Amino acid sequence: MTYFTKRYHPPGTSPGTLIQREKREKAPLKIVLTDYTDSEYTEQELASPEECRTYLERETITWIHVQGEVEPDTMRQLGKLFGLHPLALEDVINSGQRPKMDDYKEQLFVVMAHPVIDAEDTKVKLAQLSLFVGHYYVISFHPGEDDPFEPVRQRLRNHVGRIRGRGADYLLYALLDMAIDEGFPVLEWLGDEIEQLEEELLDVPTSSTLHRLHHLKRTMLILRRMLWPQREVLNSLVRDDSGFILDENKIYYRDCYDHTIQIMDLIETYRDMVSGLLDVYLSSVSYRLNEIMRVLTIIATIFIPLTFVVGVYGMNFSNDQSPWAMPELHWYFGYPLVWLVMIGIVAGMMIYFKRKKWF
Amino acid sequence: MTYFTKRYHPPGTSPGTLIQREKREKAPLKIVLTDYTDSEYTEQELASPEECRTYLERETITWIHVQGEVEPDTMRQLGKLFGLHPLALEDVINSGQRPKMDDYKEQLFVVMAHPVIDAEDTKVKLAQLSLFVGHYYVISFHPGEDDPFEPVRQRLRNHVGRIRGRGADYLLYALLDMAIDEGFPVLEWLGDEIEQLEEELLDVPTSSTLHRLHHLKRTMLILRRMLWPQREVLNSLVRDDSGFILDENKIYYRDCYDHTIQIMDLIETYRDMVSGLLDVYLSSVSYRLNEIMRVLTIIATIFIPLTFVVGVYGMNFSNDQSPWAMPELHWYFGYPLVWLVMIGIVAGMMIYFKRKKWF
Amino acid sequence: MTYFTKRYHPPGTSPGTLIQREKREKAPLKIVLTDYTDSEYTEQELASPEECRTYLERETITWIHVQGEVEPDTMRQLGKLFGLHPLALEDVINSGQRPKMDDYKEQLFVVMAHPVIDAEDTKVKLAQLSLFVGHYYVISFHPGEDDPFEPVRQRLRNHVGRIRGRGADYLLYALLDMAIDEGFPVLEWLGDEIEQLEEELLDVPTSSTLHRLHHLKRTMLILRRMLWPQREVLNSLVRDDSGFILDENKIYYRDCYDHTIQIMDLIETYRDMVSGLLDVYLSSVSYRLNEIMRVLTIIATIFIPLTFVVGVYGMNFSNDQSPWAMPELHWYFGYPLVWLVMIGIVAGMMIYFKRKKWF
Amino acid sequence: MTYFTKRYHPPGTSPGTLIQREKREKAPLKIVLTDYTDSEYTEQELASPEECRTYLERETITWIHVQGEVEPDTMRQLGKLFGLHPLALEDVINSGQRPKMDDYKEQLFVVMAHPVIDAEDTKVKLAQLSLFVGHYYVISFHPGEDDPFEPVRQRLRNHVGRIRGRGADYLLYALLDMAIDEGFPVLEWLGDEIEQLEEELLDVPTSSTLHRLHHLKRTMLILRRMLWPQREVLNSLVRDDSGFILDENKIYYRDCYDHTIQIMDLIETYRDMVSGLLDVYLSSVSYRLNEIMRVLTIIATIFIPLTFVVGVYGMNFSNDQSPWAMPELHWYFGYPLVWLVMIGIVAGMMIYFKRKKWF
Amino acid sequence: MTYFTKRYHPPGTSPGTLIQREKREKAPLKIVLTDYTDSEYTEQELASPEECRTYLERETITWIHVQGEVEPDTMRQLGKLFGLHPLALEDVINSGQRPKMDDYKEQLFVVMAHPVIDAEDTKVKLAQLSLFVGHYYVISFHPGEDDPFEPVRQRLRNHVGRIRGRGADYLLYALLDMAIDEGFPVLEWLGDEIEQLEEELLDVPTSSTLHRLHHLKRTMLILRRMLWPQREVLNSLVRDDSGFILDENKIYYRDCYDHTIQIMDLIETYRDMVSGLLDVYLSSVSYRLNEIMRVLTIIATIFIPLTFVVGVYGMNFSNDQSPWAMPELHWYFGYPLVWLVMIGIVAGMMIYFKRKKWF
């Protein structure tokens, strides 16, 4: 996992420069136009941004969704068509931005983080979601392979709820709401992970448990860093007075804001839980070490002086007159008996260690 | 214990959709209507929300309490009857909400967390309490089996104090006050737990003490997460200018607010105490380990060289002329005497370890 | 020490209910009335609150001090006489309140915490001090046995300083100032304790040192929790615009406020010091353990292979022709010599351990 | 690395005194003047500040860049020429200042920290960047050897973007933007370091890993201390109402401000990651110690009593009649066989330890 | 070192009472009067405050500096002469005050902490600096032996800079600036200490290193507690609207304020560094302990079973027919050879431990 995921221009380049830094194997670019009013609905895949020019002239709501890694050229065309600010275009290209809302008189520019659980790696990934909203249009960018907004498009297509009868601001809300609510399954998954780790740690921790715990902490750190500023974004959308968000729809943005707060709240609680886990782990490790050392010390300190005493006399008691002078040495089964005694000791110890879960 | 207790819709569904996510064995639903003025009092169990329509038309205070897990259908009926906002209805169904107050012009919507000690498990559980207050009605939802508001209903029935002569806002206060004050027995119980754990930790900690400590920390974490925002809720009720809370009753809300502050204050102090306990535990474990190692080291380092010396000579001193050459070997009771010495050493050690509480 | 010291009504009782929760062996109740102007001074012990009625009608400053645990009946009488709010009376009875100031139009209600060092137990105790101030009267409640305000009464009696010529607000200041300044001897005592513990910890810590440290931390936690809100109380008194505090006396309240800040400041510093102590303790314990283990390891690893070698040969060298085959075994004083060598080793070790302070 | 890098005058000297504290081997001083309008461009290296006097009289944008350690004399000349405040001049000389913006009616004075990775030592160094901006001029000071602003000068020279057509405030923005963006490669390098350290720590940590970790933490501490106040500087530039920054250019300063926030955000995340690393390291060290001790204890406690038993009998079983009395002692290859057994034990142990990575 | 350095009156004494708590061997009192305008300058040592009465009537700037522990009588005289408030006088006598600024209409009262490195003990001491400023006078108190303000007096005497031509507020600034700048050498010294300790800790820490580290932490704690409020003092002086500080001089106070921020900033960084040191120390100690235990465990677990095997056979192989039955025992130099082998083992071990720095 790379920690520095921000893309940036070489320091000193002119602001608003659009350059592509490296050629990665990219998701193929797909531009989907959706144009609707309460009564009409058009959906079309565009070969180039130019094709949407006709829709712009009418007072219908136009939603252009750009899926995949977008090239500087496409950005420039879109920028010219909609009058987008070069600094905003630069932020779409230089992904890894912190969520924010910028008010460029002509349009609002919103950057969000879209969390997805990567099913294979059991990892959480964050994709930058860039959104422009004007009075009659929304432009959305998502760099991944799969279009996350299909459910919203379906609601539009099937005329579900109030969405078709409302403006571009309600569409923006629907997209943001969806991106934010994707946080809940992620948190559910994190909660399950914590529960599992807790059980392992309190039972028999292995070194892989610690690695997973570390991994979890890091994931939460990154999630938190990206999701925290979303709260501010929603807050400024709720208080927005730029005229792009109608007052009648602010109640929905407030609901969205509540969700971001719930998500941040849970992340903070999880963080506290995970550090609590580490504390408990360290305490129980100390407790166990203490117990192990106690057993070792008791047995060693008892036998060490005895062994010394035994060593002193070499046990060469040889008073032939005395029947007390190590008669065992002269028994018929003396030697095998000693072996039996010793095997008995080993067996007893084994059972004791087994019970203490030292094996 | 599951950490993620929030219910949520699949991301992308239309806002205000009411769906039931899973069929749990539910507490049977019970709807209790209480309708009163200073002089009249009616109490009635309703089969369906529709039955309360007649009470709504009069200027009496109507309190509808819904006990148990409510179904989407009932919610929809209530919503239509009282003109409740779909987003608020959604929040009642999707339990696990963070305490909050929303002002939907027609009514206030308040979400609170109601803590209960589960007597069997010695666990604290939090139930979501949802309250709507209009000018002449209060609607309350509690998902548990037992109605926590019986004492308030009794005060209404018996005309205790000022409650019957005042409006819906005072009833709301009475319900909130009750829910908040339930925090005090919970904190008393937590305080007792901490005292017990402290004694155990400073005396002879076992690994179960650590597990209980961990459990306590987690409980406090969850309590804190849910109770903290209640402070803000009460604060915004005290400062409320929506017209639902009369100024003459604000003094009671301020008292309620004081209680939430006292509760949060105690929880913070408990948290500090619990982490203090962990520190002391770790320190005393280190202290003990140090002492154990010191004893082991002293005894081992003294006897190891002696045993070596003794080993070198095998103690085969055999100068027949010298009376100094291990005469003990030739004594009549030499061998039993050595055993006596050794048994004495073991006994001495045992007593020493016993005193140090190593057993 | 019990951690939950708050008294509370069963959740759901009517606000302002005055009930006594348990019958504790109580300090006997004593009501002292002090009535004064610049020229006159009366002091009288009252059998019942009713007796002060005559003083209330005149424009003299009347100070009623209630010492000991007050009963609901007495509270009700006082409440009626002075028009005190039931919620405030409830707060006097339910002791363990967080310091606060409530403005009930007719009077100010101030709750403070009064710290006392318990000489026998070397413990700090906190008593709740409740104060009502009106335009011409002050009522004070203190639950302990000894009246802490005797010095103030003496100043009144002896006409020391400006106190007799000023109003009820100056009397309130004198009482608060005294209660707050009681914090200084407590902090002085805590400072001494910390110094002592520091010396012990850096010298030879025993397990009782750790217990005392833990005790100290807890005391500071409780002190801090109660003293912190006093700052806010004083702050709101300085900024008060209810008309009870005259502007000319605010300079004294500001001085008082400075003292609370100094006290909180010192407590915070002490807290940092105590956690610093724990860190140093843990570090020096680790350092010591490390050193002990090093010695053990050096001696053990040197002698273990030697003992093995010696064991291999059983040291039965028996080449009669060779003068090199353990001639020591045949010396006249061989055996006693070996004992001397061994006693020498033990003595040397003892001196070494003594110097390292392992005994 | 020295921790105290601030230069200061002896306490008590008159404010605005310009003295050079020590003679360090300094980078040679270089003064570069750049004078431009949209249509003209002059670039010139100055021998003395006096030479720029002619440019000052015209309404062209004049940029004077002073590279290297500047002497009090040059400072005084520049101060007189541009009317700079003595306190500001003092701050340029006494490097190690905290980033700040001071508004001296005649000009703005901005101090920034310019981070550079020192390629040889893999260390990050911070140089103080001092900037004065008036209505038609910018004066910049950088104490290092290499001019960091060459890319900006190139943009001016080649008339790239909007820079030539705008005022001194846009030039200031270009310089600040460049200095701030230098933070990104530094953070990228830090991110790589953390990844490397993480791998080492989780694999086989050596004591040098710990030293590097410590070094990293310290670097981040210093970076953070210097970069944090930059945020405030940018913020006050965005909100500036001194008239030096035109409103039309504030959008660029806001972009700059976003970058400082992203940088601080990353540094905070890195800090959390590094402390997370230390926690994981300590936990895995504890885990490993525990495992080592378990193995030692098991083997020692099993063999110690056996060795005692064996010692008791000295194994001198000598019943000639019994075939069970240690017949091995009389085998032909008895002794070599014992050696083989022992070598086998050692070899087995070696393989076991190797697998556990104890070697 | 005593932690509680505050002096206070017995709780309950009248405010503004001036009493001397204990008779300490005091620095002899010295009162220095300096009276100046732009053209005149008088300096005089006063026997009693009364002597300055003549200077007060003229509109010259009068600076009275009281060096050493001042007695209540002198305070009372000064108080009467200049109309100082009794609460302020009390704060001068009861030293150990937290830095603060109080505005007593007739004059400003400023308390500052003046840090000095005690050369002998390598300790930092803080003296309370009390300053009164009126329209034409400054009165300063410093309890130490040496007058720290000599450099300022010298600037006055020699007419250096602008100081003689400006008012009492500029003199106050000069004194504060000096007291604050004394923080820089203290911080430089602390920085050096930290560097030294770091080297020691990473090299071979002894227990005295830990003590010094603890000492350093404590010093920083105390410094921080006293210097932090100075920031607020300077801030309120910059924003002051009492009329004592002229607007034209505020730029100097702002410079002073910047210095306090730089000092606090460095102290915070140092604090983080010192706790970083402790972390690194604990980690490297754990690392070392781990390594020691690994070596002990490897050697012990290898030899313990071998010794057992050897013990079993007592190595009494005695098959006379077999040349393999311990022929070493019959060699001529058998015994000395064994000693040589053993000495070789010891020497080898010693070299190994030496290299690991265990000695």
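Residue numbering begins at 1 within each chain, and the chains themselves are lettered A, B, C, D and E in the order written.
Rule of thumb we're sticking to: a contact is a pair of C-beta atoms (placed from the backbone, for glycine too) under 8 Å apart; a residue touches a chain by one contact, two chains touch by 3 or more.
Because the structure is a prediction, the values reported are computed rather than measured.
Keeping to the contact definition above, tell me which chains border both chain B and chain E.
Both-contact set = C.
Between chain D and chain A, is it the same set of residue numbers doing the touching on each side, over half shared, or a different set?
different
If you average the CA atoms of chain B and of chain D, how many Å lie between those two points?
44
Quick one: chain C and chain E, Cα centre-to-centre, how many Å?
27
What are the residues of chain D that contact at least two other chains?
282, 286, 288-289, 293, 296, 300, 304, 306-307, 310-311, 314-316, 326
Name the shape of the chain contact graph, picking from line, ring, star, complete and other.
ring
Going by the defined touches, start at chain A, step to chain B, and keep going round the ring. Which chains appear, in sequence?
Result for the ring walk from chain A toward chain B: A, B, C, E, D.
Which residues of chain D touch chain A in their complex?
Residue positions touching the partner: 149, 151-152, 155, 160-163, 177-178, 181-182, 184-185, 187-188, 190-192, 194-195, 202, 251-252, 254-255, 258, 261-262, 265-266, 268-270, 272-273, 276, 279-280, 282-284, 286-290, 293-294, 296-298, 300-302, 304-319, 321-322, 324-326.
Help me check something: in the complex, which residues belonging to chain A touch chain D?
So the residues of chain A in touch with chain D come to 1-4, 6, 8-17, 85, 87, 97-98, 100, 102, 104, 205, 207, 210-211, 213-214, 217-218, 221-222, 225, 278, 281-282, 285-286, 288-289, 292-293, 295-296, 299-300, 303-304, 306-307, 310-311, 314-316, 326, 328-336, 338, 341-342, 345-346, 349, 353, 358.
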